[in-house]
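Two complexes, one shared chain (chain A), two partners (chain B, chain C).
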Partner chain A sequence: MSSETNVIEAKVRGYILENLMFSSDESELANDASLLERGVIDSTGVLEIILFLEGEFGIEVKASEMLPENFDSVNNMVRFVSRLQGAR
Partner chain B sequence: MNPHPARLLHESLLAAAAGPALSHKTAAVIDGESHSYCDLLDSALRLAASLRGHGLKRGDRVAIYMDNSWPCVVSIYAALLAGTVFLLVNPQTKSDKLGFILDDSGTKLLLTDGHLSKEFLPVLARVTGLAAVISSGSVPAGHNILSFGSVIDDTAPLAEPVATIPLDLAALIYTSGSTGNPKGVMQTHQSMMFAVGSLIEYLRLDHDDRILCILPLAFDYGLYQLLMTVDLGATLVLERSFTYPAQVFARMRKFEVTVFPGVPTIFAMLLSVHQREPLCFAGVTRVTNTAAALADASASRLRDIFPNALIYKMYGLTECKRVSYLEPELAESKPGSVGKAIPGTEVYLLSADGRPTPVGEIGTLHVRGPHVMLGYWNRPDLSEQMLHPGKLPGERVLCTQDQFRMDADGYLYFVGRSDDIIKTRGEKVSPVEVENAMLAIAGIREVAVVGVPDALLGQAIRAYVVLEPEMSLSSGQIRARCITQLENFMVPQQIVLCTDLPRTTTGKISKKALLEQMPPEDRT
Partner chain C sequence: MCGIAGFFGVLPAPAEARITLERMIHTLHHRGPDGYGFHVGSGIGLAHARLSIIDLVSGEQPIHNERSSVWTVFNGEIFNYVELRATLEQQGHRFYTRSDTEVIVHLYEQYGDAFVEHLNGQFAIALWDDERRRLLLARDRAGIRPLFYARAAGSLWFGSEIKSLLTVLPQCATLDPLGLVQTLSYWGPADPDTLFKGVRSLPPGHLLAIADDGSETLTRYWDWSFPPASEHAGKHRVHDSVEQATAELRALLIDAVRLQLRADVPVGAYLSGGLDSSGIVALIRHFTATPVRTFSVAFDDPEFDESAQQAAMVRYLDTDHTTLRCSRRDIGEAFPQLIRHTETPVLRTAAAPLMLLSRRVREEGYKVVLTGEGADEVFGGYDIFKEAKIRRFWAQQPASKFRPKLLGRLYGYLDHSPVASEALAQSFFKRGLEHIDRPIFAHAPRWITSQRALVFLSDELRASLGDWDPLTWYEKRLPADIMSWSPLGRDQYVEAKSLLAAYLLPAQGDRVAMANSVEGRFPYLDHRLIEFSARLPPSWKMRGLTEKYLLRRALAGLLPDEILKRTKQPYRAPDSQSFFFDGKPLDYVADLMGDARIRAAGYFNAARVGRLFDKCRHNRAIGFADNQAFVGILSTMLLDESFLRRSGA
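And then the complex of A and B:
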């Protein structure tokens, strides 16, 4: 894993823990856990995450990209953000 | 085919599965996978046989604590085919409340899914009277839990018919109440079949429709999408939620959805996605809204997304499923109205002293019709507040406790609620329930919960919190504790820490004074 993806992962984890799980316990959030299945994310939560990612990483999320493969776990989000950043 | 029109909810399924025209038709598309009417009946009959095999009898309660999924749909019809009464528990529900509902309803059998085990396992030890637990997904080991897959296996027996009549209970539909604990609304086959028929009539639905459901089946608005679909012999496109809009849109296009039921929060999200990237669903011919008012401005912007759809504004409450609808053609001539009584029912307004309210004046809405509930399960006291004697001997009329105006043509205009229930994301939230959960948090001395206007949510939940002396809790810590007790939509978005709360002369916390202290833009 590159240092760049490490930074993305840390920021994404921090945001989810603080704003959606209201927790500081890192062990509560596995990088491959489904956020929908865990009940962490719902329809307004995903909009919050998108606004955060756009602001934080200077990316633009298209409506057609609002899919589980891009957002349903920390790993998916890290992969998605890295891909968009690479494409800039 | 059945020799008579369906009188019981599951008779529609029996008729569809028996007829050559519908038997192999897709009843539901779930997670992109199609399931036929005959598959639905086959699985439901096997599960029904298992319910009977566990000793369940006519009228016993079966709780279904699952996401919108194929096992959930099968479970609903299995409970009906077994002659039992189903109750759907929102999968966001946490342990304590799940336990309350299982106890309150006297549930005999729990149908659930492995991914919810963190919440349901702790409950199993203390709930008495459960004959069995059946779980879809990965079955937790060591708790004597049966696997859903093995119960509906091809080799499992099919249930024999049960002597259900239309006056039997079909469902308990739990809804938030102002007292804090949820109440089970008792609905019979007769009242639900009536409501299904009335809704189908005014929504102008037929068997060619493909009805989307992104609302939880535990919410009666979601449940009726399924019941209407099966009654029509149509197709339901069932999604777990609206969390990943692009996935929902792809399914809508692939399966050519014609009916889009939503609540204002969903429409607000749809409009926000539309701003990023224009959306257009030309194949959708009906869009429906209920649970909270859809602003006329939003409705007109929705026309860009759904250029060929009739847009219905509706109003209802679980106690009678649906009260009123506005014919889409009248949207412009009756702005702000939620329309008139649904077909086969009537509504009228009464003043506080029980007299008919003159045209244009505010009164309490009363509803008369076969769709009115039988009452609240085990709560004759609360039933009596809502069900009043009607015109005919033995008849009961629903007093909604909601304030309305009616114009000279009989069209209704919502004025306000007479309780302090909060409507957020289309869900009813009892402030008392949230307050009770928060008062159980160590360090919180007092709390008052109110609804404040919010563009996306309808109302946001705001909690005013007084901490014990020397205690320090951040709003994040408070919300973290809330989420272990409350469904996500009940967790306050706003926490205001304060040193005291305003009181009435009798010493009760005054929410009126709290609301008056707020800046005007925050007031409801």
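And then the complex of A and C:
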């Protein structure tokens, strides 16, 4: 994992823990856990995450990219952000 | 409309009994500011706070029968009292007042405990039979009027609001964790449970008999009930045609409104701008001689405001109208008073503007308002019914790409709609499809969302609940034959029992109107309409995804097309945004949600609440779950401050 990816992961994890799980306990959030299935996010929660990712990483999420496979876990979000950043 | 309180059992001395009753009933002054009445006998005490609406001259309570052997105090209205009185007089009963209350004692003489089945009304009744030394408590079918009771020190104590019980039973001022998690999950406590340990709410449609030896017999005399789904088709169908059903519905609606306009004071109506309240006002306008005086709430925020529709209806129906403009700050500042009246946490602020509206109604000289409450439950109006219909349709072919696209037809009125992204909405609503064969199928997504608030509970409180599961727990309360009903019937039942009876009727109905000595009346909850609608084929209630189809037909010609065809917009108000201004919380919010107060109360995890607080303060809480959690926690803390104390504190 590159250092850039590590930074993305840390920021995404920090945001989800702080704003969606209201916790500081890192062990509560596994990177591969489905956030929808665990009830951590509902569909408006995903909108929150998208707003955060766009603001934090300077990316633009197109409607066609608003898919569970891009946002349903920390790993998925890190991959998605890295891909968009790499494409710039 | 009034407040009642009393006791049955081991008595203090008679003089002390009267003082005790006065303490109890004085807490209910807002429910009945027009006078108090008492009856004290051996082992029994009844108290009444009166809001005089029918028989202003001689309607004081308690009221008794000819021999003074049966006494009653009651809160509410018996709308068919004129007809009941005529029949009772033919049967030889003699009346000494013109009030609706008096029919209760004579009906009891005539029919015993079955008296309650003859009543068309909204009521909480305490009836004392001196000869049998027996107290009866009864509550109306839908749960419009509240009635609470508790046992202590050899007596049973009852009252219209819990605060009347707390004056004599301070030990009940302790939070019941089950009542709290029920509220955070279902939006209100599930009767008989309340937020107060040892205090029970008499369930709607029930009669409680307490004998002289203290034994209790709880009887359900009425319930929302639906026929087996097979009876909606073919030869079992009650109505020959939709035209016949439409005509019958219109006649019932006219009669329900006619009965509910009975009063010896002027009657007004709420006008929200939607189909339901507009329908009530149109029925008053077209079929009665009652002058039409209407009231509504308007918001600055266009996401919540319906004033354009309200204005259109005012013009169309030519009513004398008052609009109360309500700001976010108005809501935030009124919220503590709201919780003193609801006596339970709430997950939305929507009750606060209605409390402010009832104050305005009272200032304008009105004591009674008719509203459109109940139409969505009775005639199938809520988005949750549509959502469930789509999810059931989808569950039959889970691989279908087309079926879940129908979800896009929902929630268009929300700024941050959960269906804004089709793919994400599908993955959200797909959760719970596995519950397809359970009666709580429709409500599972809502309750799972609400349940996210449980993450904020303190470790101690969570531990006290064990493995409590909101879906399984609620399912055990449902009728044994519910799965034989149509899916819409099941959904209507759960909605009527959970949201309507536990939240809408108390928190947005009785409590906020009575806070200002105003009586709300709800023609759509006339039990004849509920029973009529239950027999209808589901497709006559929801046709495709058009809600309240038969009601729209029945109101056709009375309302403009834009109202008749308008898709339902639920009544909502700004939530967490009502408590922060320029990033600063209102003073009491900062205090109650602060680390020290949260820790001292012990119900919630202070660190997690702190993070939620910051999120709301920075206006980043855009979804239902966060807003509901914030409002639920804040209102629990207000409840704590107003009423509760920790065990052992």
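Keep this in mind: the second predicted complex is superposed on the first by the 88 of 88 C-alpha atoms of A that agree within 3 Å, B and C clash if a C-alpha of one lies under 4 Å from a C-alpha of the other, contacts with A are read in each partner's own complex, and residues count from 1 in each chain.
In this text, a residue touches a chain if its C-beta (ideal position, glycine included) is under 8 Å from a C-beta of that chain, and two chains touch if they have at least 3 such contacts.
Note that the coordinates shown come from a computational prediction; the quantities given were computed from them, not determined experimentally.
Touch test for A:L36: chain B only (first), chain C only (second), both, or neither?
both
Determine, under the contact definition given at the top, whether A:M21 touches first (chain B), second (chain C), both, or neither.
Both partners.
Looking at A:V78 after the superposition, I want to know if it touches chain B, chain C, both of them or none. Which is it: first, second, both, neither?
neither
Applying the document's definition of touch, where does A:P68 land relative to chain B and chain C: first, second, both, or neither?
Both partners.
Return first, second, both or neither, reflecting whether A:E48 touches chain B, chain C, both chains, or no partner chain.
second
Under the contact definition given at the top, report the residues of chain A touching chain B in one complex and chain C in the other.
18, 21-23, 36-37, 39, 42-47, 63, 66-68, 71-72
Which part of chain C faces chain A closely enough to touch in the complex?
416, 418-421, 423-425, 427-428, 431, 448-449, 451-452, 455-456, 607-609, 611-612, 615, 620, 622-625
Give the list of chain B residues in touch with chain A in this complex.
Going through chain B, the ones touching chain A are 91-92, 115, 240-247, 249, 265-266, 269, 272-274, 276-277, 279, 425, 456-457, 476-477, 479-480, 483, 488-489.
Which residues, counting only chain A, touch chain C once they are in their complex?
18-19, 21-24, 36-37, 39, 42-48, 63, 66-68, 71-72
Mind pulling up the chain A residues that touch chain B in the complex?
Contacts found on chain A: 18, 21-23, 36-37, 39, 41-47, 61-68, 71-72.
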